[in-house]
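One structure coming up, written as C-alpha cells, with questions to follow.
Labels run A, B, C, D, E and F following the written order; every chain starts at residue 1.
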Amino acid sequence: MTEAPSHRFHPLDSGIVPRFAGPATFMRLPVADPGEVDIALVGVPFDGGTTNRTGARHGPREVRNQSSLVRRVHHLTGLSPFDILRVGDCGDAPVNPLDAAESLALIENYFRQIHAAGARPLTVGGDHLITLPILRGLRSTAPLGLIHFDAHSDTYDSFFGNRYNHGTPFRRAVEEGLLDPKRMIQIGIRGAISDAANYDWARAAGIRIVFMEEFISRGPADVMAEAGAIVGDRPTYVSFDIDGIDPSMAPGTGTPEIGGFTTREAQALIRLLGGVNIAGADLVEVSPPLDPSGLTALTGATMLFEILCAMAARDPSDIDPPPR
Amino acid sequence: MTEAPSHRFHPLDSGIVPRFAGPATFMRLPVADPGEVDIALVGVPFDGGTTNRTGARHGPREVRNQSSLVRRVHHLTGLSPFDILRVGDCGDAPVNPLDAAESLALIENYFRQIHAAGARPLTVGGDHLITLPILRGLRSTAPLGLIHFDAHSDTYDSFFGNRYNHGTPFRRAVEEGLLDPKRMIQIGIRGAISDAANYDWARAAGIRIVFMEEFISRGPADVMAEAGAIVGDRPTYVSFDIDGIDPSMAPGTGTPEIGGFTTREAQALIRLLGGVNIAGADLVEVSPPLDPSGLTALTGATMLFEILCAMAARDPSDIDPPPR
Amino acid sequence: MTEAPSHRFHPLDSGIVPRFAGPATFMRLPVADPGEVDIALVGVPFDGGTTNRTGARHGPREVRNQSSLVRRVHHLTGLSPFDILRVGDCGDAPVNPLDAAESLALIENYFRQIHAAGARPLTVGGDHLITLPILRGLRSTAPLGLIHFDAHSDTYDSFFGNRYNHGTPFRRAVEEGLLDPKRMIQIGIRGAISDAANYDWARAAGIRIVFMEEFISRGPADVMAEAGAIVGDRPTYVSFDIDGIDPSMAPGTGTPEIGGFTTREAQALIRLLGGVNIAGADLVEVSPPLDPSGLTALTGATMLFEILCAMAARDPSDIDPPPR
Amino acid sequence: MTEAPSHRFHPLDSGIVPRFAGPATFMRLPVADPGEVDIALVGVPFDGGTTNRTGARHGPREVRNQSSLVRRVHHLTGLSPFDILRVGDCGDAPVNPLDAAESLALIENYFRQIHAAGARPLTVGGDHLITLPILRGLRSTAPLGLIHFDAHSDTYDSFFGNRYNHGTPFRRAVEEGLLDPKRMIQIGIRGAISDAANYDWARAAGIRIVFMEEFISRGPADVMAEAGAIVGDRPTYVSFDIDGIDPSMAPGTGTPEIGGFTTREAQALIRLLGGVNIAGADLVEVSPPLDPSGLTALTGATMLFEILCAMAARDPSDIDPPPR
Amino acid sequence: MTEAPSHRFHPLDSGIVPRFAGPATFMRLPVADPGEVDIALVGVPFDGGTTNRTGARHGPREVRNQSSLVRRVHHLTGLSPFDILRVGDCGDAPVNPLDAAESLALIENYFRQIHAAGARPLTVGGDHLITLPILRGLRSTAPLGLIHFDAHSDTYDSFFGNRYNHGTPFRRAVEEGLLDPKRMIQIGIRGAISDAANYDWARAAGIRIVFMEEFISRGPADVMAEAGAIVGDRPTYVSFDIDGIDPSMAPGTGTPEIGGFTTREAQALIRLLGGVNIAGADLVEVSPPLDPSGLTALTGATMLFEILCAMAARDPSDIDPPPR
Amino acid sequence: MTEAPSHRFHPLDSGIVPRFAGPATFMRLPVADPGEVDIALVGVPFDGGTTNRTGARHGPREVRNQSSLVRRVHHLTGLSPFDILRVGDCGDAPVNPLDAAESLALIENYFRQIHAAGARPLTVGGDHLITLPILRGLRSTAPLGLIHFDAHSDTYDSFFGNRYNHGTPFRRAVEEGLLDPKRMIQIGIRGAISDAANYDWARAAGIRIVFMEEFISRGPADVMAEAGAIVGDRPTYVSFDIDGIDPSMAPGTGTPEIGGFTTREAQALIRLLGGVNIAGADLVEVSPPLDPSGLTALTGATMLFEILCAMAARDPSDIDPPPR
C-alpha cells in the first residue's frame, strides 16, 4: 500500500464512499483555494465564443460528474498524482454569459490569481476561446510554448467580423505575445476548411501543423518526439480540444469531425508529454447537451487524469516556478 | 372539396409527395419573398440573449422539420388558412451569433422590410429577446397591444448587468414605446422567482399578469375574454413562449417550469384569439438540443398552425393595413 | 387471497421470479395455442401500411417487454382477468414485410384460425391497416360494431393511389360489410386534415365521430354512454390507436397529434366498456424506434391490461360464442 | 426588495453566478453541518431495496444538478424559505451499496444525528426503503403521522422472502411503532396489484388509502382537508414518491404507473400542507439512468422547493422542537 | 484565396450565414435543376426494400441537416469541388411509400432525366434497393463497373419470396446487364450469413468480394489498387452503404454489423478513388430514427463530401460524357 | 445449401419469419431443457454485486432482443454452430434481487444442473460476480483454466467490507480452488486503479495479466498463442466482460474504461480460441439502462455468436465430457 501523504487533498476512497454519493467535485477532490494546491482544477463555464453549436458552458459541471469514475493510481506507472502533488477543485472562473468581453476579463483575472498563488491550472472549458484569457492570466516574462491537440487549428482571423471567438484564440495569443509560434505544434488537424488559405497564416508564423493523416502514418511516439523538440524545456501550455478525439468516442462537442484520434492514441500522446515543462493545461469543448450518454465527459475526465499524471510525472522541483 | 385558390402558396400534397421528402420548409410551403405573401413565416435563429441553457438558435431549422406533419385544414372550423391567405417561408433573418447588438439591428431591419412589404410576420425563434427587434421592425405610429403566453413575464430589468437578454424584452419594449403596457396581458406565468419584487414594475406599468393558478381556476374562455377586452380592436402582437406549455409536452426549452399549460389548453387559448387584430406573432424558445424526441418542435409547429389559423380567421380586409 | 384457478395460464409471480427475468411474453403469460385459451394475445408485426414514419412492426416485441410491469389484479374492481379467463401469448401472425397484399392474406388467415378455435383475439400491432385483415378473419354472419379510439378517423379512400394503408382500414371494412357503420363510433379525433371534405364519407355512412373537443366538454361517462347505445348488445370490435393518447404520454408513434387523451381519460374510457359485447380488440401504432424511453410501450401494455379487464368484466357465458 | 437575513445560507444569485457554474449542491446552497441549519437537505443514495429497475442511488446527485434551476421566492406567497429558515446541503448519508442491513443502520444513525442537532431533514432518495431508517433516526416519544403521496402503498409484507425492501417500509414502520397508522394517509395509489388482498393489512391497521380515482373526483382541496384532519397538529412526516406523478412528467423512476398526478395537482397538494406540523420529509425514487432528459429530476427538485416552502410556511416557533 | 468561379453554385459562407440558419439543403448549396449542374445531389427517400428495421426513408432529410457542417475545401488537396464543378441540390426523387414497384419506376425515370441532362448523380438513400433503379436510369450502351463498400454483398436472390429488396439489388443489376460482374468489387463484407452458399452466386459471376478481414490485413492502398485494376478506366458506379462503417461511428442504420471500417479507413478508401471514372455514386442506409445523436448522418454527409471530391478530382473533361 | 441436421434446434429462418417477430429468445432458438442440448444459452439476471452503476440485471432480456440480428453461418469458416451442436435457450437462472447470498446459491444450483445434464453453459449476465457461482456449479475434480477478457482484473479482496461483489470473483474462485491461477490469463486490463498494490495478489498467485498497452503492441495472435500455452488442453472457462471492449462500441456498462478493444480485435481474439477446451463461457456486464441505442447488447450478442462458434470449432467428441 502506498503510504498516504500528509496533506488533505485526497480523492474520496471508493471502497468506503460510493462513487455516486455526494456533490460532484473534480475527481472527488476537496474544494480548495489556489494557494493551497500545486495543481488547481478549474472550470470555465463559458461558450460565448461558439459560432455554431453551443453547450460547452455546461462542460465543467458534467466533467465533474463523470470524473467520479476516475481512480487514484496510473496502472502503467504505478504512481498517483495525488501522492506527489496537492490537487484540489478550485471552482469555476466567474463569467458573464451575456458579455464575451467582460468574460474574457473575468477569466483572465481569475487565472492571474491562480498563477500568483503559485498553482498550475488544469482547466475544463468552456469553448476554445477560453484558452486566450487563461494565457493572458498566465502571462509571464516570456511567451509560452504550446502543444495543441485538436481537429481544428483555431488560427482564423475572424468570423462574422468578430476577432474573439473559438476559431481564433491561437492567432490572438500569438499576436499578443502570449505564445511563441516557433514553439507551437498542433496535432490531429483535419477536415474540410472554409478557405484553402486557412493555414497560410499559421505556417507563415512558424506554427507546426500535423494533419491527422501525417499523425496516422508516423504514430504517437514520432510525433511527440518532434513536439518535445519544438517546445524544448521552457514552460509550455497544453491545450486539448475534445474534438481532436473521434466523435464516436467524444460525440458531445459542437464541431465534430470524423476520422479523429482514438482514445488509445490520445492516451499515448499524453503519456509522451512526460518530459515537458507544463505551465498549465486545459481540456475544452465538451458540450453536455450534445452528449446524452455522458461518454464525452467521461472521456474528457479520463484525459484530464492523464494530463494530471503528465504534470506530476516531472519532478515538481524541476518545474519552473511560476514567474510573476 | 374546397376550391383551391389561384396563388402558388400551397403546402405540398401529402397524398402525392411523402411528408419525409425534400428539404424542409415551414409547413412544406414554397420559399417566398415577403412582398409575395400575406403572412411571412420567418425564422430568427438567435439565442444570444439566453442566460442559462442555450440552443434556441436551432429552433427554426427543427420546427421546419417537424412542421412537415402539419396539414391543411382545421378540423373544427373546416377552413384552410392557405385558401384565405398567401403564406410562404421567407427564410431566416440574418444574425451574428457572436454579437447580440449587431443581431438586434439585423433582425430589426429584416422585419422592417417585411413590414414594409405589407406582410404580417409569424416568426419562429430563437430566444425571447428576438421579440424586441421584431417589435422595433414593426414599429408604427402607435404602440401595439400584446397577448403573451409564457411561464415567465420577461420584464426583468437586467441580468449580469446586461439589459438586453431573454428576461427583459417586454420591459425594454414598453420603455421604447413599442408596446402599450395598458394593452398587455401575460398568461401562464408561474414558478419561483429570484426576487419578491419581480412583478412590481410590470404591475406598476399596468401590465396584467395572469398566474397559471388563476388561469386554472378560471379557464381559457374567461381569461381570453379579458385578454380581448384589454387589447381591444387595435393592432396587437401575440408572443408564445413554448415554455408556457408544460415540460412534459414541450421539454426542449432552456427554462422549463413544471405545472404549465396542457397543449389542449394552449390550443383553446389560441382558438380564442379569433377576434384579435393580430399584427404579428412569434413562437420562441424551442431548443432542439434539449429536445431529442422532437416533441417540442412538433408541439411548436402545431401551435404555429393554430396561430396561423387565428391570423386567418379574421377577414383580412378587416385587418389594419400595416402602417408604414 | 383469491383462490387460483386450476388452469395453467397465470402470469409469473413477481415475488418469486423478478420482472426482468426470462424471455418476454405478453404479461409474462405462457405461450399458448389459440385452442387452449379464451383470450388470445397476439402480435401483428406489420407496418407496411404506413405513409410516413414506420416502426410499428416492432410494436409487439416491445409491448411484450414492457408488459412485464403489468400486474394481476385490477385495483378498483379487485378482480383478476386471469382468474376468470384463460389468457395466453399466441405469438405473432405471420407477415411478409415486403408484400402488403400477401401480409393481409396471412394475417386474415391467422385470425380466422383463432376465431375458429373459439378464442377472442386481443392484438398488438403493427399499424392500423392490420385491423382490416383481423376483421376479415373474424368475419361472421353479421357485421360487427366498432368502438374506435384514435386521433384520426382512418376513413380516407386512398393515399398515393393506394386503397389499403393505415389511413383507410375503416372505409374498406365498411365497404366489405365487416363493420356496420351505424354501429360505429370514433372518439378522440382531432388535428388538422388534408381536406375539409375528409369526414363527409364517414358521416354520410352513418359513423359517429366524436372530436376531442366534444369529448373534453362532455367527459368519458357521457360519451361512453352514447357509445354503448350505438353499438348495443351485439358483437363489437374495440380498436385503440395509441396516438389517441397525448404524445406526451405516448410519444412513440408515427403520426403524433398534440391535444390527446390523458392516460387517466383513456383508462376511464376503457373501464366504461364493461357492458360491451367485445368480439375482439386491438392496440396499434406503438412504434418503438420512436419511443426510446419505452413509455409508449408501457402505456400500451397498461391499456392492454385495461382492455383485457373489460373483456373479462362481462360474464364469458354472456359473450356471444364466436359465430363460425 | 426583501431584506436579506443575516445568516450565510443563501442560494447563489443567478444574476451574478450563472446557474450552470460550479459544483452542484442542492438549490445552490452552501454545504452545511446539521447543527448550523433549520432544514437539512440530505441525500440518501441507496437503492438496494429495489425489486425491479434500480438507479435511484443516483437520485441525490442528479436532483442536486437540476435543482440549479430552482429560484428563491414562491410566486404565489411572495415568501422565500431561505429568508425564514437556515437551509443547507448536509451531504449524503453513508451507505453500503452491497449491504442493505448495514445501510439501514448507517442511514438511521445519520438521521439520528441530524435530529439530535435540531434540524428537520428534507431528504432526496434513493428508493422508498430509505424512509424506514429515516423514521428510525427521527424516532421520538410518540409515533409520527404520515402524509404519503405515491402510486403504491408500499405496505406489502415481503418480496422474494425479504421483509426490508421498497415495497414494505410503511408496514415495517407501523410494526416498529414509528408511525401511527391511525394518523396515516396515502394519496394517489393506483395500478394493478399482485394480489387482491394487498390493501387488507393497511386498511385493517387503520391507514387511509385514497385511490387516484377518488382523488380525481374529489380534488386536492377536499382530500388535503381530510389529510389535515387525519394527521392533526402533532408531528407528521411527509413522503413523496416521484412515481405518484404521472410518468409523462416523471418518467425516470423504477416502477412507473400511468394515470398519475399532474405536476399542477402535485403542487396544489403540497401547497395545502401549510398547516401541517412537518417533522421531516422526503422525495424518493428518482432514477437518473431512466431519465435521460432530466425532466424527472427537475420535477423532483421543484417539488422539493414546494415542500421546503410548506415546511417554512408554518412559523418555526410553532413547530415542535425535535424531541430527543 | 482561391478565386471564386463565376457560377452561382456556392455553399453559403459560414462566416456570414451561420450553419444553423435557414432551410437545410445538401451542403448549403442552392436548389438546382439537373440541367444546371455537373453533379446533382439527389435524395431518394425510399426504404420499402427493407426486410427488418426501416427508417432510411428519412435519410435524405437528415443528411441535408447534418451536411450544414460540411465545409468547402479539402484540407489535404486544397481543392474545392465547388470551384471545379457546378454542384446543386436537385431535390428528392418521387417515390410511393406504399408501392415498391411504382417507386422503382419513379426513381428510374428521375435518374434517367438527370442522366439525360448531363449531370452525374450523387445520391443519398433510402435503402440499398434504390441503387437498382438508379442504375436503370443511368443505363447506357455498356454495363457499368462497380466499387461497392458495405458490410453485406446484397447479392441474395430473394427474401420472403421477393426478388426486389435491399438484399438483392446487385444480383438484379447484373442479371439486367446494368453492371458488369467482372468489373465489380465489394469491400468490407463481413458478419454471419444466413446460408453458407450465400456468396457462391457472386463468385461464380466473377464479382470480387473482399472480406473485412482481408481488408484489415492488406490495408486501403493495396485493396484500392486492386479495385482500380478491376474497374479500369471505363465508367464505374460507386455505392457506399453506411453500414460498411463500424456501428460505433454510424449506429443509425438498419442492419448494423460490428467490426466495420473506421471513418479514417473509409476516408482513405474514398480518397483512393481519384483515378476512377465515376459515372455516379450513392450513400445509402442512413436511418435517422435509429440515429438520435445524428452522428450517422454527419458521418454520411462527410463521406458524401469525400465522394464529391473524388468525383471532382479527375478532370471533368476526362470524364465520359453521359452516353444517352 | 448446407444440409440441415435432424435436431430441432434451429434459429428461425429470417427469409420466412422476420427478425422483429415473436418473443425474443437467444438467437431466435427454441426454448430448451439443458438435457436436450450441447450448449445451454442461459441468462443470469443479477447485478447485486455492483458497487457503482447497476443495470446488468436487464442484460439477458436485451441481449436476447438484439440477438435477433444474429445469423446462422460464420462468414470466414462457412460453418454453422447450429449444424454441429444442439443449442437452445435454457432460460434464466433463478435469482433473488434482494439477497446476494441466496442468489449465489440459486445460481450455483442452476449451473450444477446444467453441468449434470451434460450441457456446456454459455451465459449472459448479470454483473461479473455471477461467474463465481457459475464456476461453483461447474466444479469438477480439477480446477479450470481461465481466459478472461476485461478492463479490470476483478481480483480485489473486498469493497465496502464485502468480499462477494463484481470486483472480487476471480480472487474468490482461486481461493476456493475453482480456478488454477497458473492457468489463468487476463487480457485487456487497463485504467487507473484505486491502489498501486492492486495487482500484487494476482501476480503473486501466478495469474498472467496482459495490460491493454501490451496487447496493443503485440497483437491478438501473439497474445492468444500465449493464452493457449497457459491454459493448455485441459478444461478452461472463458469470461468476457463487455467493458473489455471500448465504450464507443459498448457504452452500456457500469464501469466503462476508455481505450479498450475494438470489436475487430475482440472478434480476432475469440476466433483464436479455436483450440481451447472450453468448459463454459460467459458474457457479462451489459447494462441496458445505460445502453439506449442497443449497440452494447448488439455487440454482446455478436460476441456471443463468436464464442459459440469457438465452442463449436473443436470437435465435440474432443471436448472433455463434463466430469460430474
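The rule is short, and it goes like this: contacts are C-beta pairs under 8 Å (C-beta built on N, C-alpha and C of every residue); 3 or more make two chains touch, one makes a residue touch a chain.
All of these numbers come straight from a predicted model, not from anything done at the bench.
Common neighbours of chain D and chain E under the contact rule above are A, B, C, F. Common neighbours of chain B and chain E under the contact rule above are A, C. Among the pairs C-F and A-E, the greater number of C-beta contacts is found at A-E. Where chain B touches chain C, the two copies mostly use different residue numbers: shared numbers make up under half of all numbers in play. Once the centre of each chain is set as its mean CA position, chain A and chain B turn out to be 41 Å apart.
Rounded to whole angstrom, the centroid-to-centroid distance between chain B and chain F, based on C-alpha atoms, equals 56 Å. Across the assembly, chain F contributes residues 18, 20, 51-53, 57-58, 97, 159-160, 246, 248-249, 290, 292 that each touch 2 or more other chains. Interchain contacts give a graph that is no line, ring or star and is not complete, per the touch definition above. All chain pairs in contact, by the document's touch criterion: A-B, A-D, A-E, A-F, B-C, B-D, B-E, C-D, C-E, C-F, D-F, E-F. Of all residues in chain B, only 47-55, 57-58, 96-100, 102, 159-162, 165, 289-290, 292 touch chain A in the complex they form. The touching residues of chain D, when paired with chain C in their complex, are 51-53, 158-160, 189-198, 211-213, 216, 246-249, 251, 255-259, 290, 292.
By the touch criterion given at the top, residues 17-18, 20-25, 31, 43, 45, 57-58, 60-61, 64-65, 89, 91-92, 94-95, 97, 292 of chain B touch chain E in their complex.
Note for the complex: chain D touches chain B at residues 1-2, 13-16, 18-20, 69-76, 78-80, 246, 248-249, 262-264, 267, 292-293, 295, 298-299, 302, 305.
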